[in-house]
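Have a look at this one.
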Amino acid sequence: MSLLQVSSLSKRFGGLQAVDNMSFEVRAGEILSVIGPNGAGKSTLFKMIAGALKPNSGEIYFDSRRITGQPQHIVAQKGVVRTFQETTIFREMSALEHVVIAHHLQATSGAWGAFVNSGRSRREEEAIRQSAAEILNYLGLGHVQNEAAKNLPHGYLRALGIAMALAAKPKLLLLDEPFAGMNPEETDRAIEMVRGICMRGVTVLLVEHDMRAVMRISHRIVAVSFGRKIAEGSPQEIQNNPSVIEAYLGREDDELGI
Amino acid sequence: MGLAPTYLGSVMSQIIVNGLMLSATYALIALGITLIFAIMNVMNFAHGQMYVLGGFMVYYTYGVWHWPFALSLLVAALVVAAVGLILERFFFRSVLRRSRREESTMLLAVGTALLLDSLALALFGEKQRGVPDVVSGVYHLAGAYIPARRLLIFAIAAVLTTAFIVFINYTRPGRALRAIAQDRETAALQGVDVTRYSALGFGLGAALSGLAGGLLISTDAINSGAGNLISIKAFIMIMIGGAGVVSGAIAGALVLAFSEAIGYYFIPGSLPYLLILTGLIVFLLFRPQGIMGRRWG
Amino acid sequence: MKATAVLGVGLFFIGVALAQQPVLKIGVNGVMSGPAASWGLVNKYSAETTAAMINAEGGWKIGDKKYKVEIVALDDKNDPKISAANAEKLVSMGVKYIIGPNVDTTAGAVMPVMEKAKAINFPYAFSKELYTPPHGNSILGMIASYQAGPVIYKYLKEKKGVKNIAFLARNEADPLNQMKEGEDAAKMLGLNIVTSGATYEPGTTDFAPVLQGILAKNPDLLVLSGVAPGDAPLLIKSAREMGYKGLLSTETAQDAKILQQVAGSLADGFISVGGASTPSIQTPYMLDFVKAYTKRVGEWNDEAGTKVYALEMILRTLQLAGPAAINDVELFKKTLTKFNIPNPFVKGNPPLKFVGSAYFSQPRQLGVPMVVNEFKDGKFQTLFVGSVE
Amino acid sequence: MNRLLGPLIGLALYLGIVPLLIHGSSYWLTVFINISLLAFTSLGVWLTFYIGRINIAQGAFALIGGYAVAVLTTLHGWPFWLALPMAGLVAGLVGGVVGSTILRLRGVYFAMLTLCLTEATRLLALNWTGVTQGASGIIGIPTPFGGDSSYLQAYFFSALLLLAGLLAIWRITQCRMGRVFRALQAHEDLAASIGINVAQYRVLAFSIACAFGGLGGAVLTVFLQSIYPTSFNVTNSTDFMLYCFLGGLQFVLGPAVGALVLFLGFQLLSALGSYQALVYAILMVLAMLLLPNGLLSLRFSVRQKSMREGQV
């Protein structure tokens, strides 16, 4: 069953065709990776799915509902949550606070109730704090939950980004280069983490450079080059696809780990 | 409505002349503030005060001591540049380094403006000042009046603007400034002495403002409290044109000057400025980066 | 030994005498910083100069005591909140008579303070409501332009054949009010107003765009309503350069030096109102004042010619009303109608009194003579001296 | 309960000790009335700083609130107690409408735009003579405070208003809304990615800020009993911003401390005569240079330091 459907999506920046008539789908429960050389349009694609960029043409359906061009927070409300490529954080806030804020969509008591600190809002706050602490523990951040984000090492920040995204209770999690800059051990742990998330019933769409990791983790892969989809299939199929090798892999065999 | 075509023609040419004359000096003001903004990311609220300082330098050297006009302009540029360098060194540099929030520099600039205002009042007194015309006479062109003194100011301002553009585009320090404006860190990595060139940029921006003040006092009057109004005009211009861009400063100066020239002719009163400001706000909603809003260069 | 003892005792008594001399505090509350600083500062300098001259003579006699006159000057930054706080401060110090503030915005905020504290102030703001019943604790410090306007227009209509008149004002409360009053006066005289409501923004440096539309209507007289001394020469110069041949006038005081510096001979024939500004009409006392002012401040300012009156008239009215009036402004108010003295600053002219009944239905204006001047060869020359009722 | 002790002492001091200390002097009461109201108005600016925007428009909203109360009470005969909330509402609504468009801009662009907004509002007040009476202003605005104790009444009213404002802003920062605002300040995109409606929340914050401006301007206007187009101008807008900054942007009390120090400072320096403005400016710049994070950061850093030394 398809959870996300991208059809004929295009985006132009001035004279540059960043994404060109791209179509693919993400099935519920799978881990799908989008690969491609730098500047292939992966990030642009990502931003359009998350609602951070409006496409010039084409459609995006999530859960059979159209989300094309809707603002980020609406897309997030519907269950599509992204993490950021850069280490984008609320610098001064603690890790716990990050995840508490990310529970925003779960808060149901009104703004007025929160303002006057009503009993209901207090109970809800307590519940959110607990949930946030649980998520942090699950991702191995429990011991740094009170540390300001600006003082955390990069690896932790990426986990923190995922923790925030999880707190928003996504159906589809968009991960932007989750393994970039990690050493093999860290990558192993991260792969386990992503698999664990997928096991919990969250569909994962990720964009990544690290081919080793992509090949190990993905159920399916979409390969893009110069804004176009050039191949789609299982890791095995992609590894053997001539146009992928031609566009990307042929030049840098070692990256594939063949 | 019953107006002779020749009359309308002369109105049009007068409006064009007025707009051009205004825009030349406006451009100098806008270039100075946009340079400082591009290099330091500081919205220099004290820009108008530097203009006033430049004006008073020319008042004393040319108006009271009767030095040659060119020399007194030079003195104005140098003195104001020196003040700019002092402010950069002792005020902005340290706050930029230590502050937790980027707003700090802007607020420091507001404080500096206040300080310079009070200093100017203490040093130069409360009276309006002006100097005799450098050149006299009036030219007529297609029904428009062009006073010689305005033409002179226009010419000097145009030459200075051109010189500035040449400097920024074709000289080594100019290229360094552009590199810093584009990306401080990259510029530093490429071996540009960021600290030194930032100071240079600040001094140069200040000098431009001082020159504008020095030029304008030769046709207009100035008093020690006139700075804030000039600063606001400078802000409006670089918002129209796009902050931190040379072409934007010039575009902003042209647009503001012609809006004033046209607005004041057809609707005398305070409405033109209300319309200019409302227009600016609406315009920025559609084009927040201004007309030429690109990166510096 | 003996001599020094005597000297010491003598000095002691002199000291006691000095210490015992009663002090009369007069306040100045006005704008003394920012772009309009000169308005309040000239008030302050004028009052301080007069006070110093009086104190040098041993003080000011009211009743049978000689008072040392002390000026307490406060800067209100042209901000109504600070102006009101300053007024409160002055009255809390026991000051009952305050010179200033300088614009409608601040004068409006100070008025309630004066009424509550039973004190009197002398604003240089022209809003009629300040001086008209039920209000009565503010006394206009100078000739209002709407009073000078008709006199000047009438003179120019009769002597120079003016028919078409145009107005231009700086876009601020005071000048705009003056323009409105001026237009009404011109209508009463049957003059033809060719432009109405033309203004320019504060901070304008190039007046060509503003003037262009006005001059196209060919006025015989261009009135610069409430024009600031810095703007006047620029407007005159621009108008002349654009080929304007008609007359130029204003109803506010101007500064000869800046006219000469900026406009030079182009300003010849410009008509303005001054206080006691031309040497031909100055009394020796005024000449002394000019000398003392110049020594104190470093440079004479023609604006002081109108602002010299406030303190002088306060003191002389107190002298007439008696010492009780120092703390009781009702006595001061009662004396206003009786006050009538020869003008100490201007030679051979109508006596000095409190006027304004015709405008405010009560005497709430200093009867500063209306000295109408014409600028010529870098100096003002008095055309005629009028007065206001 | 310990946490509340400090603020409670402060409240007691401000409401009890200040009037006692100044013996009902109408001058000092006026000074503290002004400080309370200016601080209250600045709280709005502080809240816009809190969502990461530099706001130089508060003078405009104070002017709007001032004219609202002036027009309603003087020309339409509304009682002050009805006109006052209306002034806040009008300013808040105008803020909401204007904010929904201009809040898209950030950094200096937003700052400059709000500066233009202050100027535009002044010009609007000048030209919209049908409502504002233009340049001649509105004077003789009735005041609800009367009798011998009118200053004391006004003092308590403005002090309570300030305390209520401080409490409201403090609660905002403590509750979920405040968290969202902090998130907006830190990174709007990241906030949006977790489902926060960024546009809605920043308009909410700005409307609240403008309502503070409207209320503060309205009470100031009634206290001065007059309003003109220049009653609140660019200088006031920058002053409000300076109060926040000098007090400290990290602290809810920042604007109150800033307003207290700057307004009182200018009054106390009047003894210096001609040097008043100059010394005032020098002291302000020195404070900015030495304490770029605000006066309150001094207390903060002293406490941190003593903690560190205690550990050694």
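Just a few scattered comments:
Per-chain residue numbering starts at 1, and chain names A, B, C and D are given in the order in which the chains are listed.
Here is the rule we use: contacts are C-beta pairs under 8 Å (C-beta built on N, C-alpha and C of every residue); 3 or more make two chains touch, one makes a residue touch a chain.
Quick caveat: nothing in here was measured; it's all calculated off a predicted structure.
With centres computed from Cα atoms alone, the innermost chain of the structure is D.
Taking the mean Cα position of each chain as its centre, A sits at the greatest distance from chain D.
The distance from the centre of chain B to the centre of chain C, with each centre set as the mean of the Cα atoms, comes to 36 Å. A straight line joining the Cα centres of chain B and chain D is 32 Å long. Distance between chain centres (mean CA atoms), chain A to chain D: 42 Å.
As a whole-number value, the distance joining the C-alpha centres of chain A and chain B reads 48 Å. Residues of chain D in contact with at least two other chains: 126, 235, 274, 277. Multi-chain contact residues of chain B (touching two or more other chains): 117-118, 121, 228, 232, 269-270, 273. Under the contact definition stated at the top, not a single residue of chain A touches 2 or more other chains. Taken as a contact graph, with one node per protein chain and an edge wherever two chains touch, the assembly fits none of the named shapes, being neither a line, a ring, a star nor a complete graph.
Which chains touch which is summed up as A-D, B-C, B-D, C-D. On chain C, the positions that touch chain B within their shared complex are 32-38, 41-42, 168, 171, 195, 197-203, 205-206, 208-210, 212-214, 216, 228-231, 233-234, 238, 241-243, 255, 257-258, 261-262, 264, 298-299, 301.
Contacts from chain B toward chain D in the complex involve residues 37, 41, 43, 45, 91, 94-95, 98-104, 106-108, 110-112, 114-115, 117-119, 121-122, 228, 232, 235-236, 239, 243, 269-271, 273-274, 277-278, 280-281, 284-285, 288. Those residues of chain D that touch chain B in the complex are listed here as 49, 54, 101-102, 104-105, 107-109, 111-113, 115-117, 119-120, 123-124, 126-127, 234-235, 238, 241-242, 245, 249-250, 274-275, 277-278, 280-282, 284-285, 288-289, 292-293.
Residues of chain B touching chain C in their complex: 7, 11, 14-15, 17-19, 21-22, 63, 117-118, 121, 125-133, 138, 145, 147, 150, 216, 219-226, 228-230, 232-233, 260-266, 268-270, 273. Residues 25-28, 30-31, 34, 38, 126, 134-137, 139-140, 143, 150, 220, 223-226, 228-231, 235-236, 266-267, 270, 273-274, 276-277 of chain D are the ones that touch chain C when the two sit in their complex.
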